[in-house]
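Residue numbering begins at 1 within each chain, and the chains themselves are lettered A, B and C in the order written.
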Amino acid sequence: MENNNKTNTIENARKYGTKLWKKKVRKFLNNKLAVFGLSVVLIYILLMVLAPVVTPWDPLEPNFKVKLAGPSAEHLLGCDSLGRDLFSRVLYGGRTSVLIAVISSLIGSAIGTVLGAIGGYFGGIFDKLLVRLQEIVSCFPQLILVLIVVAFIGTGTWNLIIIFALTGWTGCFRLVRSEFIARKEETYVKVCEAFGMSSVKIMFSQILPAVLTTVIVQLTMNIPGYVMQEAGLSFLGFGVPMTVPTWGTMLNAAKATNILINYPHCWLVPGAAICLFVLAVNFFGDGLRDVMDPRQQ
Amino acid sequence: MADNNIFRLENVKVWFPVQEGFFKKTVGHVKAVDDVTINVKRNETLGIVGESGCGKTTLGKAMMLLEKITGGHVYYNDDGTERDITTFNKDEVFQFRKKVQMIFQDPYSAMNPMKKIYTEMEEPLIIHGYKDRAEREAIMEEALKLVNIPVDYLFKYPHEFSGGQRQRVCIARAMEINPKVLVCDEAVSALDVSIQAQVLNLMKDIQKEKDLTYVFIAHDLSVVQYMSDRILVMYLGKAVEMADSKELYDNTLHPYTVSLLSAIPVPVIDREKNRIILKGDVPSPINKPSGCPFHKRCDKCMKICEEVEPELKDVDGKGHFVACHLYD
Amino acid sequence: MEDKKIILDVKNLNTSFKSDGKLIKIVKDVSFQLEKGRSLAIVGESGCGKSVTVHSVTRLMAKNSVISSDHVIYRKFNEDGTAKEYRIDKMSNYGKEMRSLRGPEISMVFQDPMASLNPVYRVGDQIIEGLLEHNPGMKKDDAMKMAIELLKKLGIPAPEQRVKDYPHQLSGGMKQRIVIAIALICNPELIIADEPTTALDVTIQAQIMELLKKIQVELNKSIILITHNMGLVTEMADDVIVMYMGRIVEKGTLKDIFNAPSHPYTKMLLASVPVLGMAQGQKLTTIPGSTPNPADLTEGCEFADRCPYCTDECRKGRIPGYEVSEGHMVRCRKFAGNKEVD
């Protein structure tokens, strides 16, 4: 009976304990820019996923009758030089652009986190090798790497993702490594050692959760960078093949002087799409950092 | 007599190598703890005082195997047999961890800010094989009762606590696995005066209730004297004086202890004060002066002090140890 | 005027901080006067507003703070006995007037010597910086000579070499002496020391406190010492202010506070400090509970929740200060029969 009572009080306490995530959600909702960013991103995603429903036009189907037509009721944002509907191309193109950015960012962060954790926590020779490798990778000009890969295997969505991931893990590696080095000296890690906890358990259950929040924030903040990079590379013709609609290839298609001057909607539309998306993700990322950073509680 | 000791340290050394150059050549050692021979009696509080850099924290950590011992032996004995902890294998270390726990200086960094107190307190129990959740919760509740923290605090995060409450939770967490020895490293120096008194009294009560042995490390001699039965004074990695706390105060022998005592501001006015202000700073533990480590700042320095290092000796036969040539 | 030379006169100082759109009062109706050549200690636990009080006086406050007061007057005494009054409360935080006071008249010594020195400049340059700032046209060599002279006075061995050192080459005690030298170089009348020895060892603390006392007595300077260490107070101070949660709870001379502590908080605070040479087995008094959150306080005595003598009266309105003896004020309803002085 007495034992029962005890569990009851603990159970009760559990019910009324602090719900940190509730506080975090409230804090996030108080940040108007972050909420704006999140809503814009969500709208983007929704529109991209529902693209076939939202727009009747095929992004690849040329229609020379409406070549370079301005915005109208039929074609909401006008058409490009081949008469393809720009609104539809922005949505379908966004799918590829965002996918490239998200997957590259995820893979890069994963590689960086694993290597950074190992290097930072254990140190030693392996850590030194990793740091050198990281330095080499971040010194190597990315554009040249892209050119080499394109020369050998041609342009393609997955090629771009692989290049982004292979060159993009270094930032995350540095971040995670330095966090691990700092945190393994924290008193609470020493406390765990004093209790006889194994180093692998300390690494995963004590340090990694704290580091992961920073990684997630970093991951979000990387996405706009990749969107921009994809656009830049595709604009130059080294990114995704011209046949695949992305925000970058749309810009590429609009780079003729005649179009640049006389039909600004052709480049304004993808340009604005990129701009708004990048801004929104950055706002969201900033808000996320304010909420997630354990030092700011 | 020997059975009375829970810890016996023999010529313990903790040296950190100083490395220089590309090939990391060892050019010297920081002798954080240098040749310390002391004992800790069962159920007593041994206070360790000294200025920053004197090696008191390193000594405490060495006793817990949190710092690698370079030389000497540390014998631990809680069941009648003395065993050298420096020769322990992984399994024995794990068992030893249950017996000796530590309270750290800064209660703010001693808890993982991402975890609820519940998780924080549950982890040591899981590690040490308490599989049943109800059993763990019962232990946690009892430990919290010991430090006067209500159970509802289990589901809060560390940042919701004040410094004193955090330190009490840290004590509760250490007490869960029923240790025999608590090493308290500056456990109250980060706390406010009024909270400090609460925690000190609490620790005294717990000691009585649980038959604990304390190793109480602090720089504040007034606090150490309040807590301890015996006091060890350290200077530059050396034990310079060790005596019963009252004896140390009434009959101070080592000139360093004398000046340390006189430097402490006492919150009583009109008390007769004979203050000795030490000249200079503590020398670097890398290039220690020859002979007695204190001779350069000592006002009673003799010729022999510059050459021969004094040994820690029992001068009155009743356990007042001092390392000084004045009492040869 | 009167015989007393009041160098600093603070009346009803209030400081609040904006946080999450709310104003939180950190310093409440603080009034005190400091005589020239005396030292005043402000004691209290962390969060009691002792640092904020002096930072409000010297106007070194963050942007989200709101300071108001009846007046804050600094008096500069000339040799003929006349005085010039500066209304600090009317000056802007970083205006020309305020800056001309900081350094030559009022200077500060901060808690952490490691953080108050700039690691990339030689300490000599850091010492003479203030001198050059306030004496346009002064030659650097002359200034350096004065700095070396001052360091010699502060008991620093080989000052000619020391001024060429960088902060990381010096020990903690030496750094704090340099910080004191920076504060003293312009020969200020009022020195504010904010926990000057908390980061130092006891033997070094003794050296620094001895030095500060010497400066005060020999050069007839005024010192405000902020500390939580009761022992230091007895060594340094002539007058003592005890603060709790932003309010002065007791104010008087050193003797008044230590021999006849009247506020329950002061009494318990004094009894909770371990004193060297305490009898074995003697127990420390503890103050129950913990310091409240300043945002939760509404009216009445701030100490009410932890006070064993608390009555219903204590939770209502503003508690006035009562006179215990001349110059000894206590803010507690227990003394309601006495004369109200604040």
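Just so we're on the same page, a residue touches a chain if its C-beta (ideal position, glycine included) is under 8 Å from a C-beta of that chain, and two chains touch if they have at least 3 such contacts.
Model, not experiment: these values are computed from the prediction.
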Topology of the chain contact graph, where touching chains are joined (line, ring, star, complete, other): line
B-C against A-B, pair bridged by the larger set of C-beta contacts: B-C
Chain whose Cα centroid lies at the greatest distance from that of chain B: A
Length of the line joining the C-alpha centres of chain A and chain C, rounded to whole Å: 51
Chain B-chain C separation of Cα centroids, rounded to whole Å: 33
Length of the line joining the C-alpha centres of chain A and chain B, rounded to whole Å: 49
Interfacial residue positions of chain B with respect to chain C in the complex: 51-52, 162, 164-165, 192-198, 200-201, 204, 219-223, 225-226, 245-246, 249, 259-269, 275, 277-278, 281-282
Chain A to chain B touching residues, read off their complex: 3, 6-7, 9-10, 12-14, 16-18, 20, 186-188, 190-197, 205-206, 209-210, 294-295, 297
Contact footprint of chain A on chain B as seen in their complex: 64, 66, 93-94, 97-98, 101-102, 104-106, 109-114, 116, 118, 123-124, 127-128, 134, 137-138, 140-141, 151-157, 159-160, 170, 173, 177
Interfacial residue positions of chain C with respect to chain B in the complex: 45-46, 171-174, 201-207, 209-210, 228-235, 254-255, 258-259, 268-270, 272-278, 280, 283-287, 290-291
